[in-house]
Structures are given as structure tokens and as C-alpha cells.
Amino acid sequence: MPKTLAEMLGSPMLAVATGLGGVMGLLSFNALFCIYLERKISAWIQRRMGPMEVGFHGMLQTVADMVKLLGKQLITPKGIDKPLYHLAPLVVFAPVVAGTSLMAFSGSFALHHIDLGLVLVFTFGGFAVLGIFMAGWGSNNKYALLGAMRSVAQNISYEIPLLLSALSVVMLTTSMGRTVTVGDETVAVQGLNLFHITMVQMDRNVWFIVLQPVAAILFFIAVLAETNRAPFDIPEAESELVAGFHTEYSGMRFALFFFGEYSNMLIGCMVATTLFFGGWSGPLLPGPVWFFLKSYALMAVMMWVRWTYPRLRFDQLMRFCWMVMIPLSIVNLLVTAFFLKVF
Amino acid sequence: MTHEAPKDTVAPALDGLTTSSEPSDPAKDGFHVRHVATADRVVELARRFDEAGYFLEMITAEDRRGDLEAMRLVYTYNRYGEADRHLVLVDLSSEIPGASAPSCVPVFPAADWFEREVFDMYGITFDGHPDLKRILLPDDADFHALLKDFGRIEDAPPEEDPPERELTV
Amino acid sequence: MKTPNPIDLAPASAPEDEMYYLNMGPQHPSMHGVLRLLLKLHGEEIITAEPVIGYAHRAHEKMAENRSYIMFLPNTSRVDYLSGMIYNLAYCEAMEKILDIEVPERAQYIRTIANELNRISSHLLWFGTFLLDLGGVTPFLYCFDDREEILEVLDRVTGSRLTYSYGRFGGVTMDVDDAFLDGARAVLKRIRERIPMYLSLVHDNVIFRERCDGVGVMTGDLLRKYGITGPPLRAAGVAYDVRRAEPYGIYDRFDFEIPTRTAGDCMARFEVRVDEMEQSCRIVEQAIEGLPEGPIMPGRMKKRFKPPKGEFYFAVESARGHFGMYIVSDGTDNPSRIKLRTPSFSNLSSMPEVLRGTFVADTIAIVGSIDVVLPEIDR
Amino acid sequence: MAYLGRILHGFKTLLTGLRITGRESMRKPVTLTYPHVEPKLTGAYRSAIKLIRFEEMDSHDCVACLACEQICPSFCIKIDGGKIEGIKKKRATLFEMDFALCSLCGLCIDVCPTDTLEYSRLYDEAGYDRDWNMDLLEEFRDFEPTFIEQQREREEKEAAAKAAKKAAAAKAKAEADAKKAAEAEKAGGDAPKSGDAPKSGEAPKSGDAPKSGEGSAS
């Protein structure tokens, strides 16, 4: 079982401070790196070069961009709903920090060690839509409102296949998992614990993507939709809604949304890594390295997908969810249950 | 939004509607038939062309107050298929504002924008047009740009001497 | 999973206070320049749509009246900056017909090659921007890469990339050399190699199909009533192409087909344009094959042209449809009136009827699929 | 089953898309890193016009006929000049062009009777002003007095040569006339009209591209 930060440092307050700092640092680096990665991947796919001028191969480009965004005037439009408008970037950003701190980076170390980790991650993930809706409504802009409406419908719908496909993994973990002795009772390990999900895969020497390929694909698609990535980026569809829910945001407020989006992607990929790709397990390299390698590989696939497809229409997106994703994930769940019961 | 299938084109029956109709040489001027008509026949002509399966290629106007003392409306009809372009010239009174013609919009919705453009550029009004307003020029413009007495180069105020400047080579 | 026609979903009588107006444009990422759509919406469904144009009005027709015929020449390629060559040469051909100037054979062939290369480049750009409208960025850049090749080849003889003033009354300004012809052949080869790639990347893609199949249907009498021409017309099964209906230049010498579809939706318009690229390739190929030796101008360019009095009309098939020039001469060397009948003007004027009952996302697809170029509409 | 089949087919098309973009990402970028590399200009490249320096006279040959000024659709050329003291040839004393207005149509080049205009190869010029006047005569100005002197000499030489040629021609003509008269007398009146036909068959040289730089000075 991993040690938590509080146990290692001996002081809960110190642990909170260090953990917060670490997560913020990770997410800031993630945003800068992802923007760079996104620009490079799109450039490669489109046979361009991407940023090349600032730093070696443009590596400092996103830093420069961030400095620019920090220096920009914050334009506050007239007629906004002030509390909502100002709170929205924070509401998008804060749950992401909480969500990241739950991740199972390595077998020997954790920020928190919570049995209901998976549930909490999804709960925090569900907050994003609230922030988006606040932004859309508070901006008092029709494009933003349309984007927010789309976003709400989309995120709420896609949460169902997301949870259902994760659930089939949880079922596997619970039935395949180790048992621990608590007092004089022998109980199965919690399948909702992110560390346990990884450890079961390590014990059995199998990644759950092998056992649950359909769930993996469904989960990945649902993550794309949950993080508003193309081809499901209709809340910010730039060719229709200009910039969607963040049309009226500028400077650092806009940067926070951007931050939130990339952090959400990272969380989605980290959860997918944990659920389907064996988490931190891997030879030679230390656990966290493997964990981030897998996560960023998934991230790269998300970017690859984004730069390949056109965007779905709003009603098609919903139909895809209700007529393809949800039935398939339910069937997958039933089949999993059947096999677990029979074998 | 149901529409009938496109009609087969037939020769338009224009007997008696035009003041004059004479065949022309398309190799020379692009027209197969030239018609001259009066303003009150414009809609009926459009209807005949519509019945014959032609489409309204364009409506425009000319400021002929200089030589003909008239504003002239120009309609061309053509058909999908081998070209058969009919030119209809309609002379209106030379008074702007004042010159007007009936609108073809009920027959050809395509006339909507063309007539708005003619109104915009020449000030000719179309009776029965559903929404006759400016289309290309700003809504608050107080001129009709293609009238010959608007915007002539010789009317332009003399150009002021530009300030001293450095020459770049 | 067949897409139900969104038109059927449109609320027949939504309460007025549930509707709102959305001003799309003139500054909007996918309004192709400066189109403004005044949309009355119920949720995301369009109750009425009114295109507002004129933001790119540059008074070309007024300029024509204030200068001589030859001085209007550079204006023509600026009417439609994506198929400037077609417009430029159309004006030259119109004037040659009026002035009765014989164009040397070689110039005719060069013009055809230039025209068709320009048509391919225009279609490629349309292809890219259409995908951009639908949210796919990458095909856009692939198309630009290909288009760049064409522009480079045209640059070799015209010295410009978009606003070519290549034509002169009677011929063209510069003769083509072997490097140009090799370049043109290389372009054809490349386009033909790339089209299958585009088709499997875009046309077969399930998302693209969902977005285009059955969207923005324009069929039947609607087309004729609005005077729609070009690919939107051919996508509804009417094989009307000015190059066939009233051949100009030397188009009657070439073997090419007029691609048509019957569905009349965005997908049909897409397919028609892709097929047209192939047909243009064929024409260029034949023209390169038949390119004769000889002069490219009948003589030194004159300074003044005085056409006979009268009205003239000259039509060509631009990349967007039937482009007509109505020229009125009063016998002097200044035109009395030049009216440019641009295809997108009529095509766009049908939008209020076509857009009614669709979604905001479809609006973008439909306006994109009829390929409007606003400077051409506003002139 | 049709339902599943459709999903699988859709999924397959999506994978095809990924395959294509993945393949393209392996290819070399096509970007031209512009300020770091020089762009290739084609032979026909159009930029601001300039006056051609002809070798035989070591100067331009603008005779200030105003043809280009009059035909310019952008009204961006300003020329002054005319008769110069001492020589027959007319010369331009002012040739300014406002490049900010120029539309690069090339009508001035085509219409120039002495073919002394061509496109320059400027591609990275920037203007700092709404007026972007270029003085096309600047590079010729220092040489102008020398040119006038040389031109005067050339003209004198030419005139002398012309006079000599004229005299020779007159002489030859007189001789030929005499011969012809003699022949006519011999043949009895029906002299054959040969010599005309081959001349009319020559192709006009007008088909050449007007901007072929080495156009000879008149």
C-alpha cells in the first residue's frame, strides 16, 4: 500500500501545502507542455513545422504566450452577470486540482489514499460543466449561451457511458482482486480504489484493455466528449460559435479555461491509464515515469484524433451517445457480469 | 419546402406582350432575342418565361437619361440547357425618384435581390416588392451610386497638395 | 441511424417570445469574409434567416463607368479573388467579341489551361474551407499545400498569385515555356494522386457523411426560381454548364463531362466539385497536348478601344457558376455600363428559403457548401 | 446486426482517417521558413516597375510619351519631361510611381512604345507612409548630362550615316531606274512585278512577349 504524503512528511498541513504546490506545478507544466505538444502534433499532421522561433524548436513559445496572456488587459463586458462571470474560471479550474491529487502515480507514494478514489475523480470531473455553464450564462452573449447549453447536454449525457464503462473495470477488479484481512473478517479489496485497480493488473500481469477492449474504446470516446475535445468540441465550435462559452473571456481568465481544459484531458488520460493500461506498472523505469508516459501517449492520441476529424452536429452527438454509446456500454457491462458469474 | 421537378423548357409565348421582338445574333452580342416592352407588362412577361421553364438571369438598369431621356430596366432570361437568352429592355420615366416598375418577386424570387440592387444603385422603385431596401450600400446612404450624375471624376474636389514626404526607392 | 431531416423537426408555431435573434457576422470565423446572417432562432433551430451583404462593396461597376475599357481590366480579377483568372479572361473574351479581335490559337490554349488550373485551385480552396467550417482543420492545410503548387505554376507566367492581370484584349501577356507545362503536368499528377486520399480522409468519414447527407437540400423548381447556377445546380441533377450551353473560347474542342448528382444536398455539391476537379484536369491535359506554336497576341497592345454602340452579354462558367457580363457601349472608349452578373449573388439569395428549419451548425455547412465568395457578391 | 455493422463501418472509416493523418505526419514539412530562406521568385514575378538600363546607351529610354501615365488604372504614375536642349530625343525628367496604389496589372509595361519598363525584383520592401512614392529616375540622374552629351554625338553620327545612306540610296535608285527603263524598253512594256510576294509572307514580330528585357532601343 502506498504511503500518503501526510505520513511521509508527518504533518497534515505541510502535506497539504506541498501537495497543492506539487499539483499546481504539475498542472501548469502540463498546460504549457500540452499546448506545445498540440501545436507540434497538429503541425506534423498538417506537414507544417509548428512553433520554431522561441527557444530550441519553439519550446519556450508557450511560456512566451503565457507571459503575453498574463500581461493582457482583462476586458469585462457590460451586461454580464458579475458573480457568475468572475467565478466561472475558478469553478472550472479548482476541481481539476482536487481531481489530480487523487491520482495513483506510483505504488509507493500518494497524495491521498482514498478507497472511493474513482468516484471522487468522476465527481470532481462533473464540476467542469458547472463552470462552463456559469461562464456561458454569465457572459450574457448568445454564442456563449448556445455553447453552454450544448456543453451541459453533452457532458451530462456522456457521463453515463463514461461511468458504465468504468464500472465494468470496477467489476473485474472487485472479483479478481486480492483479499485483505480486517480484524477477523476477510474482505475483497475495493474496486473503486485507483491504487487497487493498478495493483490487480500488476498481480495478474494483464492490462484491462485486453479484457475490456470495448469498454476501453467507449471510455476513451466518452473522455473526449467530457473534455470537449474534437470531434465533440461543439461547446466551443469555433466555426459556429466563434469561441463558445469563453467568447467573452480574455487574458488570464481565458487562460484559466485553457488550463482547465488541458488539466481535464490529463485527468481523463490518467484515469484511462489506471483503468486500462496498468497504471504505473512497467519494466525498468520507475513507476511515475511509466504512468506519465502512458498518460501523455493517450493525450497524443487525443490530439491526433482532434486534428483528423470534422465536428459532429449537436443532435448527432446526442444521438451517438444515446443510441450507440449507452447501449453498447450496458451490453458490455452485462456481458462482463455474465462472464464473471459463470467463470 | 416541396418543389415540383424542373419543367421542360418550351418556347415562351410572348405574343403581343412586347412592343417589339427581334431575333439577334448571339455570336455577336450574346442575345438570341431582343424585346422592348413597357413597364406594365414586366410581370406578365416574367410569368410567361416562368411557364416556359426559363430562369431569370439578371435584372439591372441603365442610366440613359443622357441619350434616351429615360431610365432603362434590363431583364435577361435564359434556360438551363442550350443557351437561349432573351433580353427585355424597359424604358421608364427619367425622374429619380419617381421611376418605378412592378416587381417580379411573386414570379421569380430571384428578382428580390436584383430589384433591391437596382433600387439601391438607381433609385428605381418596384411596386409590390416585399421588402425594398438597400442591399449593397449602407442603409443610411443618401445617394444612388450608379446614376451618371453621381461621383463623376470631374466633380471631385481638387486634390490638396500632399504634405512634403520623403521618397523611398 | 438515418438522420431525420431537421426540417421536419422545426417547430411549426413556436411562441414568439421563445425566439431570439443571432447576428452571425460580418466578423465571424466561417462567414467567408464579411457575410452577415441575421438569424431568428428558436433554440438552435432557424426560424428565418436573412443574409445581409454589401460589406465588401468596392463599386467595381461604378469604376467601370469612369475609366476606359482597358483600364477596367485589373478590376475584373479582383471581383472574385479565388478565380481571378476566369473573371479576367472572361472580360478579355467579352471585349474581343465586341471589338471583333481574332485571338491567336496559342493564346486560346494558354487561356484554357490557366482557366482550368484556376478552377481547380478555387475548388481546392473551397474544399479546405468547407472542411474548416465543419471543424476539420487538417484537410484545409492539405488543400492549401496542393493549391500552392497550382499558384506556383500560374505564378510562373502571370507573376501573381491571386489577382492575375494575365489577359489582354487579343491574347495574354506572357508566353508559357516548357517549365510551365511540366509544372502543370506535375500538378495534374499530384491532384489525381491526392483526390483518392481526400476522399478516404473526408468523403468516407462517418462524421462527414452525417454532417452532409441530406443537409441543405436544394432541388426542383427552387433552383430555377432563384436562378441558381454552378455546382449547386448540377448537384440537383441539372447538367447546366456555360462551357457546354454556349461554348466560349475553345471549350467546344475538348472532351469533358459535366458531373451531376441528384440529391441536391451538401454531399452532392461536394461530390460534384470533386468530380469537376478531375474534369478540369482532363481539359488541361488535352489543352497541353494540343498547344500549338505561334504568337500569343495579334499585335502590339493598343491604348484605346472603341466598340460599336449597343448592348452585349458574355457568359462564362466560373468556379461558382454562371458569370455574366452585361456591357453597354455608347460608342466612346469608356463603357456606359458594365453589369457583373455573379453566380454567388443568385445562389446566396436562395438562402432564406434553404436555411429555414435547419440548425445553426447546418447553416455553416450549407453556406459553406454553396461556396460563396463575398467580394464577388458585393462587387 | 445492421446496427452493429453500421457502427463497425463508421469505426473503420474513422480509423482510416487516423491512418492517413498519421502517415502524413511522417512526411517532411513543406513550410518555407521565410525570413530565414530567400523565396524563389519566378521569371514573371511582378513587383514595382522600374526603368530598364539599355546597354548601348547606358541609360533608360523613357521619352515621356505619357502612355503609361494615361493607361494606369490606379493613376499612380507621374511623368514630366519632353524636348531636351541639344538632342532630338525626348527625355523624361520626372518619373514617380506610388507603389502603394499600384495594382501590378502591367498595362504600363505593355503599352510602353520604347519597351523601357519592366518589373523589378523587389519583394521585401515596406512602406512607412500611405504615399509610397518611388523615384524611378534616381539611379539615372547622375549619368544624365553624360548621356545627353553621348546621345548628341550618336545622333550626329546617325544623321551623318543617314545622309550618306540617303545619298547612296538615291544613287542606287537612279541607277535602278535607269536600268529598269532600259529593260522596259527591251521587254516592250510588260515588266514582271516580282519581289513583292516573299516580303508579305513574313510573320509579324509582334507576338513576342513585350517584356523581353533586351528590346532594342529605337
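Residue numbering begins at 1 within each chain, and the chains themselves are lettered A, B, C and D in the order written.
One rule holds in what follows: a contact is a pair of C-beta atoms (placed from the backbone, for glycine too) under 8 Å apart; a residue touches a chain by one contact, two chains touch by 3 or more.
Note that the structure is predicted; figures quoted are calculated from it, not measured.
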item: Central chain of the complex, centres being mean CA coordinates; value: C
item: Contact-richer chain pair [C-D vs A-C]; value: C-D
item: Between chain B and chain D, centroid-to-centroid distance (C-alpha), Å; value: 41
item: Distance from chain D to chain C - Cα centre to Cα centre, in angstrom; value: 32
item: Chain centre separation (chain A, chain C; CA means) in Å; value: 44
item: Rounded Å distance between chain A and chain B, as computed from the means of their C-alpha atoms; value: 60
item: Residues within chain D bordering two or more other chains; value: 14, 17, 20-21, 24, 30
item: Multi-partner residues of chain A (at least 2 other chains); value: 45-48, 307-309, 324
item: In chain C, residues with contacts to at least two other chains; value: 1, 138, 142, 145, 201, 205, 207
item: Complex interface listing, chain B residues touching chain C; value: 1-7, 26-31, 50, 53-58, 60, 62-63, 67, 74, 76, 80-83, 85, 87, 89, 108-110, 112-113, 121, 134-138, 145-146, 148, 151-153
item: Chain C residues within the chain B interface of the complex; value: 7, 53-54, 57, 59, 61-62, 65-66, 97-98, 217, 219-227, 233, 238, 240, 242, 245-246, 310-315, 322, 324, 326, 328, 330, 336-337, 339, 341, 345-346, 349-350, 353, 356-357, 378-379
item: Partner chain D, residues of chain A touching it in the complex; value: 41, 43-49, 52, 304-305, 307-309, 324, 328
item: Footprint of chain C on chain A - complex, ascending; value: 42, 45-48, 142-143, 146, 230-231, 233-234, 237-242, 307-316, 319, 323-324
item: Interfacial residue positions of chain D with respect to chain C in the complex; value: 3, 6, 9-11, 13-14, 16-17, 20-21, 24, 30, 42-46, 67, 70-74, 103-107, 110-111, 119, 203-204, 206-211
